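Same chain, two partners: chain A is paired with chain B first, then with chain C.
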Partner chain A sequence: MNSIMAAVPLLTVVVGSLFLLILEVFLNRENKSYLGYISLTFLVICGIICTSFWNKDYSYFNGSLHLDNLSIFFYIISLLTIGFVILISLKYLFLQEANHGEFFALILFALSGMMIMVSSTDLLIIFLGLELLSISSYILAGFRLKDVRSSESAIKYFLLGSFASAFLVFGMAFLFGISHSTSLLAIVQHLQSGTSFKLIGFMGLGLVLAGFGFKIALAPFHMWAPDVYEGAPTPVTTFFSIGPKAAGFAVFLRFFHIYWHSLESSQAIFWLLWVIAVLTMIIGNLAALRQTNIKRILAYSSIAHGGYLMVAVLAQDYTSLMFYLVVYLFMNIGAFSAVIALSKKNKEFLELDDYSGIGFQYPWIGALFSVFLFSLAGFPPTGGFLAKFYVFSAAVRQGLVPLVIISVLTCLVSVFYYLRIIVYMYMKEPFHTVDVYKENPALFLVMFLCVYEVFQLGINPGSILVLIRQALISLPVF
Partner chain B sequence: MAQFLFFLLALICVISILGFILSKNQIYNALCLVVAFTAMGGLFSLLDAPFVAVVQIIIYAGAIVVLFLFVIMMIDVRKGIPPEKNRWTLYLSVGISLVLAAEFAFSLSKAICFLKTPATKEIGNPTALGHILFTKYIYPFEITSVLIVTAIVGAIVLAKKREEE
Partner chain C sequence: MTEIFWMIPFFPALGSLVLVLLGHKLSKKHVSFIACSTIFISLCISVISFAGLLKIGAENYPLVKKLFTWIPTHGFKADFSLQFDPLSAIMVLIVTVVGFLIHIYSTGYMAEDKSYSRYFAYLNLFTFAMLILVMASNIVLMFVGWEGVGLCSYLLIGFWFEKHSAAQAGKKAFIVNRIGDAAFLIGILFIFFHIGSGEFTAINTAISRGSISTGFATVVGILLFAGATGKSAQIPLYVWLPDAMEGPTPVSAFIHAATMVTAGVYMVARMNFLYSFSGTASHIIAFIGALTAIYAATMALTQNDIKRVLAYSTISQIGYMFIGCGVGAYSAGMFHLYTHAFFKSLLFLAAGSVMHALSGEADMRKMGGLKKYLPITYPAFLIGAIAISGIPFFSGFFSKDAILTKAFTNGQYFVWTIGVLGTILTAFYMFRLIFLTFHGKERITPEAKMLLHESPPVMTVPLVILAFFSVVAGYAGVPAVFGKKLDWFSCFLQPIFSRGREVHVSLGAELALILISSFLAILGLYLAYLSYIKRPQFPHTFATRFPFIYRLLYNKYYVDEAYDALFVRPLVRGSEQIYNKFDLKIIDGAVNETASATGSFGKLICYLQTGFIKDYALVFLLGVALFLGYLLF
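Entry: the complex of A and B
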């Protein structure tokens, strides 16, 4: 149905961030945390509006903003991510001297970028949404102005990200050149029918894949991720590891759903993605083995999880892809909030040595962190196990047995570095005293919500799977 | 009259590009580039493409060259590029410019055939462009405005001096 209502959730977020920008001027330094609560209010309003639009299927701007169930599902994922990130950053910004009021406005701009990306099938709109997301991300990465590593991370992300955007636009220009359209459906139709432009279409698709591969940190375009993740403020790292991935895979989902169903989808693209998925899993997991910095370990782990998500794309099973994304959201936010919990004024404890003995010194943090790590590694009672199980079983049904064997082997490798953190926490003598700032109720709320969801999704995934199936109905049928 | 203007602008363009290549001082290089871009804008307006002409002047002569000037201000102008690097970039640039010349000659030989059909008037027409921008492409246009706000806010956040620190 064509209605301006389709734009209301997006407008809520954009108006919210502009409102925060104006309000920021009138608040003095001590009251900046009010902005966090106000931004949360906007997120809640947006969430309520989104859920009330379920099954309504609104669209606007000639269909380039399409609020079908799939878009709403990804809206909710993005809103949850940003909501959790704001909650865990309320105290962090104050403790680590990154307390600039613009943080909340910028993170809402990033959210609106994600929302634009996931609710469109037009390449031009997707690119603009991605740029909005990326530009806010570059700025957020450098938010600890006094920290050199934070600035380094921002510059690295900005320069490499601009290159990736250039590749993306170049590829899009090729695709536009052969199809005279920016709509994904029209492009796929021209890719299969056009005989003389096969090579140009293939080049365009390859360049677009490279650009997206950079943004969601797939190997061999992952080099930036560990450095950027390490230098950025930890709540921002949390956002980087989930937000762009979720939005990027939403676009992949919409594109490859059409592409795999086109009459003769090119085998070359399939094997290209196959190689990318395998490389991402192997490099992500093997490189994580050698790291001693918790943020770098989690960065490589998030690269590896991108590889498992690619397996779901190759298996053409979007239920498992979306389920994996939801589980990944909760377990990764949980793990990062445990890392944030171990910090005090102007000091974060990020080295593996700092974690020795934490399990007995701070039993709650230790226990919750262990649960998230077990889930990331894929142990049975948690959501991480079911997510991996669904993805791999879908891949086996699709006949991708060698791919699944490689994935399971890399999973086994990953168990080592996840459990190493737990071994440090429970089986080593404290290396030196670690005194953390404990009065952080919002952070513990996030950790408990995440641990609840990790178990809920691991033991009783039925209700979320029903929602995912309802969301996937809105994909075009062939 | 138009022919006279064309040759005048073309002459200015070629001379300033020559100055751009031959001058050793980076500031003069950038200024020559401004002149060349402005002359090129004039050439576009002679071709009945007012929008492209204005964009050429605003974006190339204005924004991009100012960016160059900022970069030049940040490096030490008197030092220049170290000589050992100069050698292989020289060979590389000769190779690349030969490839470019071949490409240019090829496209020019093809373009002669196209000249028989005159270009449509709509191409460089600001009215048509504005119309399509505010109807068909209103959504991307609005997203771009949000994008620019984000970029400005970010630049201010990262660059502004904080008092009491």
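Entry: the complex of A and C
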């Protein structure tokens, strides 16, 4: 049904961010954290609106903005991500003296970018969302004004991001050239029929894939990720590791669902993605082995998880893809929250040595962090295990046995660097005194929610799988 | 109100969770309150659900509550679902009632212990695991409880792990149980492979539809029973139970009476449709049960440790329960389980009270004449001993008699003969215990006598309650001799055991059988009286006259030594060899090489990560170039 209602959740967030921007001017420095609570209120309102649209299936702007179940599902994922990020940054911004009010407005802009991306089937609109997300991200990365590394991170992200966007637009121009349309469906249909423009079509597709590959940090377009993740404020890193990835995979989901079904000669692209997936898993996991900075370890780990998500795309099993994203959301936010928990005024403890003996000094942080690391490594009974299990078993059903063997082997490698953190926490003598700022209830709330979900998804995945299946109904049927 | 039955297991789980997380911060008072109240809530819900179960008709059994789909994969599905039917209900009541009393008793017994909250966390977890075991509606979830009680027993037997023998005993219990569990797991896999589901109702249907062969049922039955011999301490896997005495005494009471060892009997009763289908498996169960019953009874004759005597008596009594199940009289087996739960926990708690009074002394040679010092413990112990010996009109008499009568009427004369012989031995060793501990000359050390005192009320009140149950529990299943309609217990379980072989016997024959076994029980009592009160020098004379028999019994037939020489030591030595020759050199070598190769590859990738934007852009460009090159050519 064509109705302006389709844009309501998006508008809520945009209005929220503009409101915050205006309000920010009138608040003095001490009261800036109210902005966080106000933005959370907007998120809750948007969440309630979203759930009320479940199974309604609205669309607007000539069908370029869909509010189908799939969009709502990804809206909820985005809202959860942003909500958690806001909760974990409330104290952090204050402690690290990055308490500028624009933070919350920017993060809501980034959210609206994500929401545009996940709910559109039009390449141009998707690009619009992507840029909105990216530009907000560039600023967020440099938010610790006094820290040189934060600025370095912002500049690197900005330059390389613009570079990648250029390729993306270039590729889109090619695709528009052959199909005279920006709708995904039309583009795929023209790729299939227009044999004379096949090469141009492939070229466009390749460039677009490269552009998206950059955003979700797939090898060989991942180089920016570790540096940017390391320098950015930790809550922003948390956001980078999940938000753009979820949005990017939502676009992939919509695109490849059409693409795999309607193109007979998709072999070339398939093998291209196969190589990308393998490269991503190998590079992400192997490079993580040598890191000594927690944020860099988690950066490479998130690259590697992108590789596992690509396996799900290749297996054409979108249920497992979405399940993996949900689990990844909770376990990654949990892990980053534990990292944030270990910080004090103007100081974060990010080196592996800082973690020696933490398990006994701060038993709660140590235990929760261990659970998230076990989940990231894929141990039962955590959600991380089931997520990997579903992806790999779907891939095996598709006959992608060599791919699964490589994936499992890289998982094996990943166990080393995840467990190394636990070994440091529990089996090493404290290297030096680590005194953390403890009064951070919002952060612990996030950690407890995440740990609950990690176990809940690992033991009782049934209810979420039902939701995912309902969401996938809104994909076009062939 | 029966629908709320699914909540029963989760209160102890909650208690355990709270105690694990916050136990060290709570005072002992709060810890005891949390631990006992959670069990008490479960107990109340059990009683309510039980009352509800009595009201609804047998055609509605079993009530099943599916909490969630636990393992959803292609071709293999297991639900986390709990069920409630007469069999589960009885087990749940036993576990919660006895468990509750043991929790109360423990607050007194463990009052001085420094790991108070850890103890109750384990005890609550133990209750939770056992409740899951008896309420699971499929065999996979049952296995979770099965392993859970194994784990908790390990934790509790080795509770005082600073003591070497306790740590060893915990390890032994765990390893011996693992051997049985392996067989049990193989049995489960067979069931899944052939029937495709682990739900008990599905297995029952498959058997009644005739979709599996008798041979298959026999193999699965024996495999599952092998698991039961581990949990329920039957030949050949009984060796862990006597050593399990290293744990705190209330734990022994819990393991012996309500949880753990009864799991095997429950499992056989639950799978009765399988065992009724396979005569061979049933015969094996009856035979092993009879053998264990008499074998363990002979070992109990010569032990001097008060708890060890009780441990062997448990093994022997569980043997009787298996006789019942093996001859097709499942309700008789369950009936004995039910009465045994009361008198055995009574005996253990009373023994604990004796030890408490004597500052931890467990050697009966250093007791004697305690009757006048322990005015509550003594009568309680005496009631327990009378009940277990099968002396008429106490609970053990009814249940043991039900088993032996069924064995006889089903034509298992060999099993019956062993069973009644066991009755003499049971009465003899129990009253040997009574006479050595409470009667005769005082042999207490002077230091112990200084501190001699009756236990506090938290410990004696559970004793009194259990003593009451030990007297009256048997009247739930009065045999037909005394009136047609009095056997409520087996009527209640009838819907579950509809396939059991119930041959009815003439009242005269039944009366004769009852008289024989009662006579033998009293004979055993009299013999004990003769040997330990009338002529206290007689046992010594016997031991010197027949040193071989005495030493054989005293050293428990040297089975521990035999197992050690046959299995343990060769295994340890063999694995040492493999470790040195194969693991260190070949496996570790290969792993280390792979690891270092992987590591250096990771280093290589890190070299690419220069930090310069121009390099990153170059890599990006290179990637795009390769992309396009591949796609275009």
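Annotations
By our rule, the second predicted complex is superposed on the first by the 476 of 478 C-alpha atoms of A that agree within 3 Å, B and C clash if a C-alpha of one lies under 4 Å from a C-alpha of the other, contacts with A are read in each partner's own complex, and residues count from 1 in each chain.
By definition in this document, contacts are C-beta pairs under 8 Å (C-beta built on N, C-alpha and C of every residue); 3 or more make two chains touch, one makes a residue touch a chain.
The structure displayed is predicted, hence computed values, not measured ones.
Once the two complexes are overlaid through chain A, chain B and chain C fit side by side, free of any clash as defined at the top of the document. Look at A:Ile139: by the touch rule set out above, it reaches chain B but stays clear of chain C. Of the two partner chains placed around the shared chain by superposition, chain C is the only one that A:Leu205 touches, whereas chain B remains out of contact. In the overlay built on the shared chain, the residue A:Val14 is in contact with chain B alone; chain C does not reach it. Once the two complexes are laid over each other on the shared chain, residue contacts for A:Ala268 go to chain C alone; chain B is not touched.
With both complexes placed on chain A, chain A has more residues touched by C than by the other of chain B and chain C. When the shared chain is aligned, chain B comes close enough to touch A:Glu102, but chain C does not. Touch criterion met: A:Ile283 reaches chain C, while chain B stays clear of it. Using the contact criterion defined above for the overlaid structures, shared-chain residue A:Leu342 touches neither chain B nor chain C, since it reaches no partner. Contacts of A:Leu128 after superposition on the shared chain: chain B is touched, whereas chain C is not.
Think of it this way: put the two complexes on top of each other by chain A, and the tightest Cα contact between chain B and chain C is 16 Å.
Interface of chain A with chain C (complex): residues 155-156, 159-160, 163-164, 167, 199, 202-203, 205-207, 209-210, 213-214, 220-221, 223-224, 226-227, 268-269, 272, 283, 286-291, 389, 393, 397, 413, 416, 459-463, 465.
Taken in their complex, chain A has these residues touching chain B: 14, 18, 21, 61-62, 64-65, 100, 102, 105-106, 109, 112, 116, 124-125, 128-129, 131-132, 135-136, 138-139, 142-143, 145-146, 154.
Contact residues on chain B toward chain A in their complex (touch as defined above): 136, 138-140, 143-144, 146-147, 149-151, 153-154, 156-158, 162, 165. Contact residues on chain C toward chain A in their complex (touch as defined above): 68-70, 72-74, 80, 595, 598-599, 601-603, 605-606, 608-609, 611, 613, 615-617, 619-620, 622-624, 626-628, 630-632.
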